[in-house]
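In what follows, subunit A forms one complex with subunit B and a second complex with subunit C.
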Partner chain A sequence: MTLIETITVGSGGASSIEFTGIPGTGKDLLILVSSRNSSTSVSLEYRLNSDSTSSAYVMKLLQYKNGLVDTDSITSTKFSGVGVSTNYTANTFTSNAIYVSNYAGSTNKSVSIDEVSENNATQAYLRISAGVWNNTAAVTAFSVTSPNLLVEHSSASLYTIS
Partner chain B sequence: MSVTPVKVVVDLSKPKGQRESIIELTSAELTEREEMRIESEASQAALDKAQKETAKKKLSGRNKLLDLGLTEAEVTALIG
Partner chain C sequence: MATPTYDLLASTTLTSSASSVTFNSIDQSYGDLILVAATDSTGGLGIMTFNSDTGSNYHRVIMRGTGSSAQSSSETRNNIVVNSSDFSVSIFQIMDYSATDKHKAVLSRDNRADDQVVATASRWANTSGITSISIPASSGNFVAGSTFNLYGVAK
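Right after this comes the complex of A and B.
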């Protein structure tokens, strides 16, 4: 596993972190995100190659949310992720791991996502997701986006797996 | 005066130290973020409503069991 880059958001926050020019030197890709939203939203979005095509992202998820366990199946213009909102305990952040298999290959890309939000209350998320990006292009870009801003000290690290 | 939100773009094809750019969002990106925010808030509101209804039903069910003569301990053992 090779760390390619870690980026930490500076003061003032940022709407998204985008990795571009991802080298095709690995087999799989792992992105680790630690983030907090500047709004009451508990959402994040992930995109590959800036693709916002309708139905490009299909995912099935199992999650604990706010005291309940449920499942969901989503077809969308992005993968949905778990965020920490301003309603959550101060200075808590998410822990999100996005794994993209065979990212430089020429088939649709399998993606698994494992994530939790931290909150010292009932309202919190634990989620595992399995998905596919319906695109055969090699993955050269990845973005994580907040509905508002990712606050200062949010970070994203990108690794390649040989 | 409002400040235009930015995104952090990291071009990994460049050498370390020259990769990071801070770029203001375009109007199209701002529109998309606003849609994302509205969608997220609607989803959260639906979740809150569903949870309130579940809690209400749970309380109603608990009270009915108590009315049938079960003790608090027995109801808790059954439904938590």
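Right after this comes the complex of A and C.
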């Protein structure tokens, strides 16, 4: 497992973290995210190769959500992720792990996502997701986007697994 | 602090359909194994066994989300299930696989975006070190392009 790059959000925040020019030398990708939103939203968005095509991303998820367990199917313009909002305890950030298999291959890309937004309160998420990006292109870019801003000290690290 | 390692021990990419994939003579010097299987098969499932043990020695607890139903269950099987459809990805972490004084614990995540997301904790009720892993298709074949990558995580 090789660290390709870590990006940390600076003062003033940023709407997204984006990795570009991902080398095609690995078998799989692992992206680890630690983030906090500047708004009351508990959402994050993940995109591959900046693709926002309708129905490009398909997911099944299972989650603990604010004291309840539920499941959902999502077809969207992005993979939906778990964020931390301004309503959460100060200084708490998400932990998100996104695993992309055969990212340089020529089949649709299957993705495994594990996420948590712990809050020392009922309001919290623990989510596992299965995803597929309906695109056969090699993955050369990956982005994490907040509906508003990712606050300072949010970060993401990209690893290749060879 | 020591640098953690994540070493590729073996890799198989099917160039034509095959009924089974096996890793033999697994290096016993690592702490854990990670198996990543991105597969498609005519039967929709693979079944994994250790050291050719096909007895009812695999116990598991499972939670599953289908999009409409959240489920949990437990059972005893004679294998470990590997989802295999539309190049779904399954990731298995096999803890302390080379130990000879404990049953083997396996944490896994099965991902089929068209069908279900699954998290499983399994136990192979055997104290032997794991020296081989066999993954036959439950029926039919794995299709060409299916990949099986086995990694060792250093102690």
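The working rule: the second predicted complex is superposed on the first by the 162 of 162 C-alpha atoms of A that agree within 3 Å, B and C clash if a C-alpha of one lies under 4 Å from a C-alpha of the other, contacts with A are read in each partner's own complex, and residues count from 1 in each chain.
Operating definition for what follows: contacts are C-beta pairs under 8 Å (C-beta built on N, C-alpha and C of every residue); 3 or more make two chains touch, one makes a residue touch a chain.
These numbers were taken from a predicted model, which means no experiment stands behind them.
Aligning the two structures on subunit A places subunit B and subunit C next to each other without any clash.
After overlaying the two complexes on the shared chain, residue contacts for A:A138 are found with neither subunit B nor subunit C.
Shared-chain residue A:T20: touches subunit B; no touch with subunit C.
Of the two partner chains placed around the shared chain by superposition, subunit C is the only one that A:Y99 touches, whereas subunit B remains out of contact. Contacts of A:K65 after superposition: subunit B is touched, whereas subunit C is not reached. In the superposition on chain A, A:L126 contacts neither subunit B nor subunit C.
Of the two partner chains, subunit C is the only one that A:N108 touches; subunit B does not reach it.
After overlaying the two complexes on the shared chain, residue contacts for A:I7 are found with subunit B alone; subunit C is out of touch. Taking the two complexes aligned on chain A, the least Cα distance separating subunit B from subunit C is 16 Å. Of the residues of subunit A, not a single one touches subunit B in one of the two structures and subunit C in the other.
Residues of subunit A that touch subunit B in their complex: 4-5, 7, 9, 12-23, 39-43, 45, 52, 65-68, 145, 147-149, 158. Against subunit C, in their complex, subunit A makes its touches with residues 1, 27-28, 58-63, 69-73, 99, 101-102, 105, 107-108, 110-112, 114, 128-132, 161-162. Here subunit B touches subunit A in the complex through residues 3, 5-14, 16, 19-20, 22, 25, 29, 32-33, 36-37, 39-41, 43-44, 47, 51, 54, going by the rule given at the top. Taken together, the subunit C residues at the contact with subunit A in this complex read 4, 6, 8, 11, 36, 38, 63-70, 86-89, 91, 109-119, 145, 147, 149, 151.
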